[in-house]
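Once you scroll down, you'll see the structures, which are given as structure tokens.
Shared chain: chain A. Partners: chain B in the first complex, chain C in the second.
Right after this comes the complex of A and B.
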């Protein structure tokens, strides 16, 4: 019962956060000088009267608060407005890009967390040994390198030199399967995924790894670990116990990581020519395409906030101490 | 059953080696009870861990041997030790609060322990329920998490967990620390009932000589990692031969002699990273003589059961008389 009260309160917090977020982003985009019509005018060849007509047509001449109320009201009914640039409903633009991004980022995030927690546990367990020092440094190297550089190196090596994987994009136009496995559904997307996922994992893995390692080193010295050893638990069982108890900080971090994954990774998408949210976000901002830009940022922020809510609720399940406070 | 033979333990620290325990010889027969008393840092917890072959990585057995039923624990590979742990020797640590796994229910902890030694969950549940009743807890606590239990319940659950395989040795390291007096009493009563049951031997570590006097037939008084005095509890505390025991004894209120004032032994135990020459207690001893600061007195048997490490053991009766004066302890050091 107490749990549902807690869940309801947390959900209410989340709703308030989202409304504030919406307002904040609305203001933020209006602070950028110029509006969509200035971009469209470009070289200034369009007459000023036409610009004024467009402003009236799109409601840009009305007071800001009116524009916001209209925007928020439409959003509630699921109407994200029309893209100024594409002249199509925002949802039609954003939705496919969001799916593409999820196709790329889901494996990146899942593999990063699973590998990070596994390797972090392994390194933390071997604290003080030579292999632990080397391992920690090795894990940090790719994190220190720019993701686009790793991407370019992977492309140069595995796509350009060895020709194992396609050079970029998400699908090959006119792909004709030649063998049975090439006929499998998603085979084409999968082979396009390998290199960007590898680059993404190499850079994203280090954080969960180091968090898990640090937490594990702390947990190792807890009384209950000495007691577990006294109880005759095997080394594997002791390590699993330590991993389980060290996992909570990684979980918190994962929520943020998953949330940001919804926004895609701009650099990764640019290097691998992946048609995802990151690129859409950057383009829509530079085109002053407010409705699209707001939608992309809102999706990402809403994902972060919602995942935080889910993690807070999951915490109670993972750590019974929290459930009762 | 448990025998510590001239055991020395050294901790490797950043500021150099620290001799936590030096030349300790103790023995605990099956079904017997031995108390280790001394101030914080005297090496009693280290000895407890050594008896369980659970010394942390930075500590090592620098000399001597720990034997369980004649078997040298240091000579056993980890896999063999793992089998001995909990089946033959169990442990009740200082803080049940931190020693129980916070994210697992008690049932899970009983089952995990059982599984480590090839016992099935169903049998573990059955044993756990019986043991919890034995320590006067409701079997329903099996589905509780450690933080949902009171301190006393946790410590009793801990004792029940220790008895899962009917071990022959139970090492209890200050099991009543942090509990209120009524709960302390319950835990002590429980341990007293268990002691000797099915031949269970109890190694009890405490700084409280009153509790040790109640629970243990034999006692060893530790100071700076050395045994100062050992023997049957009744005679050691009624007729202490070592000045440290005399001081320790007078540092606790005695309900039978409420008129006695409580003394504190002035000064601090020596730093074990640079132990002083001679008797370790010399700097705080009110009866100190020049010889004490030069030569370390060996632990010598003064009767069948008793041993004392003091140059003036022959004058113990006279020293006891002088030790009655509380002023003596204030002047020392």
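Right after this comes the complex of A and C.
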């Protein structure tokens, strides 16, 4: 199969998945008792006639499928509706939060992958030694810790007790630099980033680490590794060779990680009060601000699905056998 | 050869079960983890007798003042919360939520995931396509946000939390079981059963199912840990059942009441207990993984 045909088919699959997701979400949010007129204005606040007029104005009297088509159509043009809570277009609210999330998640993803691959290579290389056994168990531990608890402990120790870092948020309202380095641009954001990034890396590092370790153990016994040893390559050079060849599974996983990063780690953002997508999502659900909740939810899902598509396409490009599945 | 000789050569069923139960003790980490799990189950069963107080009763001192944020002492071994509740009693009662959520979710996930995997793998064709597209869809839904939305819409309760968790978590079990069934389907004993005239249902549940059981059970074990973590996360976000004491709920209340600054006796025990439980499940699961997947040995 030609690559473009494969790509077109995959893209069509993804488009169908996205529409189904949208439909699923639409139905989910219609499970809420009441409709926007009652949620937005409260019950009994409005005379029934006025409520009826609003319903007609907003198209809520039309059949559900028509409403869905309108919703999906508006979404394609970037119109995500109005926030009940902020009374502003949803896109205006979601966009800055998305940027904030990326500010937090980019270092988390990059550091997790670099550390995970390094440690995973090291552990896989020492397969069978006692240190590997202990290391593998140690690597499991952060994966088992709830990220919000790591956050609480880090905050209690380094923010409240030692006062090294701020207690949350992204910027200090009135920050007056005292020394030269504090005047550097982004200094304020950077010191707000340290604890959340540390907590995020601790929990996100385990998966790339274990994947790299497993891949390395498999690669280690391939013929080209035997050949490398026979050629007399140094231990370090052998390990680098193995690491590079074991990297593909982690690369796949990284793309999935990036997909999730767009949605932000809800728990991480909540515990560190980070003004990102995840926190916005939780807040909008608590405030019954459904247009915002719907938009953030769809955005997170769309990011995951789109990144999965990119992984598929990359695989199809690199390995033609996959196209014939 | 007589039957008696054969029977003595093969270990009995009870003996095999006993050996399987003792398997985690083969390594020090597995043995430690198994002890932790036994401890949690015991505490959960005897919670009302073990806990010094009712976990939801506010305590007052002699002067009638609420015992707010008292550090550990003789009367309150792990201190009190901002609301004057006994931390130790809450911790002990939290084990019940862990067991209820862990076991119920694992059973639901196993039922949904295994059956979807069996059907998709066995029938193939259109059924496979539809089921796997549904699985893809489930993989596209972000887990915690979905659970939060669902619990918020249905109303916060333990049962709704369990539903929300199980609604998505079957996805990985379904994929793994399907891939196992795909290879089992072509094996001789399945073909033999089909030629002998066995129905699809019989082939699926009598011949194929026992062969995917070890893998399914392994996934169930790990799902217990994920489900417990998920429940704690949902509770920490404030969508937990307000009438139950779960470890996630304790951390949520400590966080929102602004007590994490000083009340380590309130934040450390539930978090540490949660982590210990999840680690224990992972470690015990790892021991059985070697049994189910010989390549790891």
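Following the convention adopted for this analysis, the second predicted complex is superposed on the first by the 269 of 325 C-alpha atoms of A that agree within 3 Å, B and C clash if a C-alpha of one lies under 4 Å from a C-alpha of the other, contacts with A are read in each partner's own complex, and residues count from 1 in each chain.
The definition used in the following text is that a contact is a pair of C-beta atoms (placed from the backbone, for glycine too) under 8 Å apart; a residue touches a chain by one contact, two chains touch by 3 or more.
Here the structure is a predicted model, which means the values were calculated and not measured.
**Student:** Figure out whether A:140 sits in contact with chain B (first) or chain C (second), or with both, or with neither.
**Tutor:** A:140: touches chain C, not chain B.
**Student:** In the overlaid three-chain picture, which partner chain does A:132 touch, first (chain B) or second (chain C), both, or neither?
**Tutor:** A:132 sits against neither chain B nor chain C.
**Student:** Using the touch definition from the top, say if A:321 reaches chain B (first), chain C (second), both or neither.
**Tutor:** first
**Student:** Please indicate which partner A:188 is in contact with in the superposed arrangement: first for chain B, second for chain C, both, or neither.
**Tutor:** The answer is neither, since A:188 touches no partner chain.
**Student:** Tell me which partner touches more residues of chain A in the superposed arrangement, chain B or chain C.
**Tutor:** For chain A, the partner with the higher number of touched residues is C.
**Student:** Quick check for you: in the superposed arrangement, does A:79 touch first (chain B), second (chain C), both or neither?
**Tutor:** Neither chain B nor chain C is touched by A:79.
**Student:** From the superposed pair, tell me which chain A residues show up as contacts to chain B and also as contacts to chain C.
**Tutor:** The answer is that chain A has no such residue.
**Student:** What residues of chain A sit close enough to touch chain B in their complex?
**Tutor:** Residues 128, 222-224, 226-235, 237, 241, 244-245, 318-321, 324 of chain A touch chain B in their complex.
**Student:** Can you list the residues on chain B that touch chain A in the complex?
**Tutor:** Result: residues 49, 52, 54, 56-57, 78, 82-87, 90-91, 93-95, 98-103, 105, 112-113, 115-117, 145, 147-148, 161 of chain B touch chain A.
**Student:** Quick check on the complex: what are the chain C residues that touch chain A?
**Tutor:** These residues of chain C touch chain A: 29, 133, 136-137, 139-142, 144-146, 148-150, 152-154, 225, 229, 232-233, 236-238, 248, 251, 254-255, 260-262, 264, 267-268, 270-271, 274-275, 278-279, 282-283, 286.
**Student:** In the complex, go through chain A and note every residue touching chain C.
**Tutor:** Those residues of chain A that touch chain C are 13, 16-17, 20-21, 24, 28-29, 31-32, 137, 140-141, 143-146, 148-149, 152-153, 155-156, 160, 260, 263, 266-267, 270-271, 278, 281-282, 285-286, 293, 296-297, 300-301, 304-305, 308.
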